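One chain, chain A, appears in both complexes that follow, with chain B as partner in the first and chain C in the second.
For the complex of A and B:
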């Protein structure tokens, strides 16, 4: 009820405060993007057909074959300022979400001694900077007293992995022998055998995948029966009012912060657009179920956990026996 | 509980010849004697939780019991992510399965005995189902009374009270429907709490406690009935008196 009123009021206010400008265009439409779109218009937008499948890259439609390289270039350019930018964009809450994510999964096997083969094998997909991996190791060691579980950090992007390795050295995780690094595409994990992983985590990564169903199928393949697929990702807000505020923030402030701090507007523009394009909670849960996973909490009518009203969301799936 | 999509929408999406089958798959809000209700837990949940319940006498209602249960059922430690509520899932599993088990016991009750006796026997049967884990039941009560789980706990208690009265053959449709269920829920909950402290052999003290509370309930109901009648009589008398004085009522 109150959203239209708010939008109207704020538009009126903006009109009064700002000099008249060309017809409303959200802040997202950066110059380069607009040029690109014009360019695309001139040379016919790529059409979906059997030979040239397309996918979306933010709000643009691009050939599936080029999404991977485009995403790669985004993350190459954000790798060095990743932490600062995450803190600024999420006002520090991304740390809370990641902490909660790891705590709710509760990885590790209680009182598992070093060198004991029965520790867990954890695969952290799109975890190049090690944000989740270090937290998982810490949880295993400090909470579960588990010194045997191993974690494989996989990322498609060598720059993100380099950032993670640097942090592992600085944080003292490098010598533990429990961390290993894998440069791989999550849609084609041929380096990992079938039924070999206890826990598959992916935090703020899956929305960048070219084909989500293919990534889910790979996750299902590499997980042991009973293994858990856990995903932390941006999602849709439950309240229209909050959504209006959030949209202002993400489309208005985030590319601007990217420009000012990291000197790269386009990459952050892509980030917020990809968040917008990612399926909502229910649709995403349906995709996880479709891949064959048992989704916890479906009977209670809610197979996911919203964080901060749905800005981020935790989805889990258990591979049946 | 129910499907997330509106029921009629699900119904209409299916071709007409299949719809009659669909009716029986939907969760029903009425009781059917002819058709089994859908099981409350999926086979996987059932396997893990029943195995976890077997570990409760040693580990209590804890995540350790849940993990052990998952291992016994052939799952991994990490599979306990299937239960976001953690140890509370074991408590709920116990409550739901024992409530549903009451129906099987009810058929063995003598049909001649009156409703109060039947209620007492059924409630006692349900209390005895807590016997193997009664030394850990306080942990369960603690979990049940946490703010996060309170709505589920109260709902489960209401369902149990409803089940007891239904199986005992209570068919009231007056306001007593509510008072009976509320009173029985209160009596059952207090008896359950009493049982955690009961050291007598075979829980005879709990049995006596339950009997006393139910008798008191009867007395109060009888008393309230009489008070109600008395108030009704007096009000009637007052109206008649006023009418005789010429007041137009």
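For the complex of A and C:
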């Protein structure tokens, strides 16, 4: 072997045999490392016990009492670019899901003229910007010729409600008297009397609630006997291949789009993590039944309706008579 | 003079190595490495490239400022100058090499080393606005607070760094971002587009961060008169001063607040550029006077 090759080989060998040099670390890094190690010894993960119950906020564990305000701040920051972001994240398909959802519920009473006491009372939960409420109203009016049914749009976040009110004014239903707005927590609908609602809808909202069983119990309480609970939510995919693509889109592209469009990566990171955390179809149906609802189609083994391979899913429940 | 200055810019003290980014860049988005500091979001190469490209394109589309690019309806939401996009572009393009070079430039200067050790942050809590307003007229702190007041912003409006992996370099980027308003005070350039572009050219020559260079594409959106001024006056000023002056990233602003701005400029080796506000004001006056004269003369002819 020639001398340069010999030197090169021997140098490489030496490097492999000798213990690795400690990484070059500047003074400020060393100080910070020491501080961090000290911090780690002191810091403990939040303990879960009766005194301070914890819940999940995306992949983080947070005290239950703080989840509501954290979710509130997420939705305040996304309110203004909500529609644009929905279109970009789902590539427009969220409109198809919502259309299908409303059509499958088929709200409204056929040929119901305006008059006292007639028409359905429909409660749309977490419906701040009015996507479902406007579709329901149009279905009642244009498809079922029902001019009497009224919709109460409820949301915990006043910014989302303000956005919905603005759209109602622009869309034309604002003055119809058939839309009313309620700022309330879905787990505590004290403004709504028992057995007062014919249809309770919640689209893409229930995964953000601190306690889903409490929300289901409130839904059960406000619905009339025979009333319908309908929920549109993200769920688990059936196909592993689709799931692989979907997960990479969710965790890679969506926060990036959030950064570019809304300037807010954290909110969209929370949204995709909350989708990941939401229970699957079977488990969610079980929770609905546990609240007292009868789920149509459960005997045939089809207690839910998957949309687009399970990306979204429609769950229904009926309050027994 | 310029040759030696550019050689100085690219040369590094032999003892300090320019470390490159860790080669473990090929992780999946489902399996990100743990964060290195509070707020850190590790990005893989594909994400970083997409972020850089998209933020570069989007930050140039600005319908309110009369941009030349047509804006599709889906993107009508961009109604303000998206500073956060420029910040994201800066972070996405800073690695490899450029932010490490800047960090090493700080390490090779005694004041820079003190800044890196102390890690001061410029926020409204650490910089008392009321106290700054009481400083003497031509001081650094007074000039800084008057820029903030004129633009109606506070030092808290800057995003925190997310996409730079090395923790110390993340601080260097944060320091650069927070010091930007001080650079306005130092150079005397105003905060509208023409002044910002001139300042970015100066920063590019001084810090060599790619985002500052890419921001120069904003000259496509300047008026012809502004562009002429830029080519003739401000670009030559920026290049020669940026290359020959000392590194402005090394200034310990918290200690220089009471100091006279001209004094600091002399120390750093920065000449004052032609006063942009005065130039534009006098040009506007001239135009107005000429217009009035034409109207008067036109009126006479009509008689």
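Note that the second predicted complex is superposed on the first by the 277 of 321 C-alpha atoms of A that agree within 3 Å, B and C clash if a C-alpha of one lies under 4 Å from a C-alpha of the other, contacts with A are read in each partner's own complex, and residues count from 1 in each chain.
Note that in this section a contact is a pair of C-beta atoms (placed from the backbone, for glycine too) under 8 Å apart; a residue touches a chain by one contact, two chains touch by 3 or more.
In this text the structure is predicted, and so the values were computed from the model without any measurement.
Contact with chain B, but none with chain C, is seen for A:228 once the two complexes are overlaid on the shared chain. By the touch criterion stated above, A:251 is placed in contact with chain C alone, chain B being left untouched. After overlaying the two complexes on the shared chain, residue contacts for A:282 are found with chain B alone; chain C is out of touch.
Of the two partner chains, neither chain B nor chain C is touched by A:99.
When the shared chain is aligned, chain C comes close enough to touch A:261, but chain B does not.
In the superposition on chain A, A:194 makes contact with neither chain B nor chain C. In the superposed pair of complexes, A:111 makes contact with neither chain B nor chain C. On the side of chain A, the complex with chain B involves touching residues 104-110, 120, 198-199, 224-228, 230, 282, 294, 296-297, 299-301, 305, 316, 318, 320-321.
For chain C in complex with chain A, the residues that touch the partner chain are 17, 19, 28-30, 41, 47, 50-51, 54-55, 58, 74, 77, 82, 84-85, 88, 107, 113, 116-117, 119, 159, 162, 167-168. Interface residues of chain A, counted against chain C in their complex, comprise 24, 26-29, 31-32, 80-81, 84, 87-88, 247-248, 251-252, 255-256, 259-261, 263, 265. Chain contact summary for the complex, chain B toward chain A: residues 1-2, 4, 40-42, 44, 63-64, 67, 70, 74-84.
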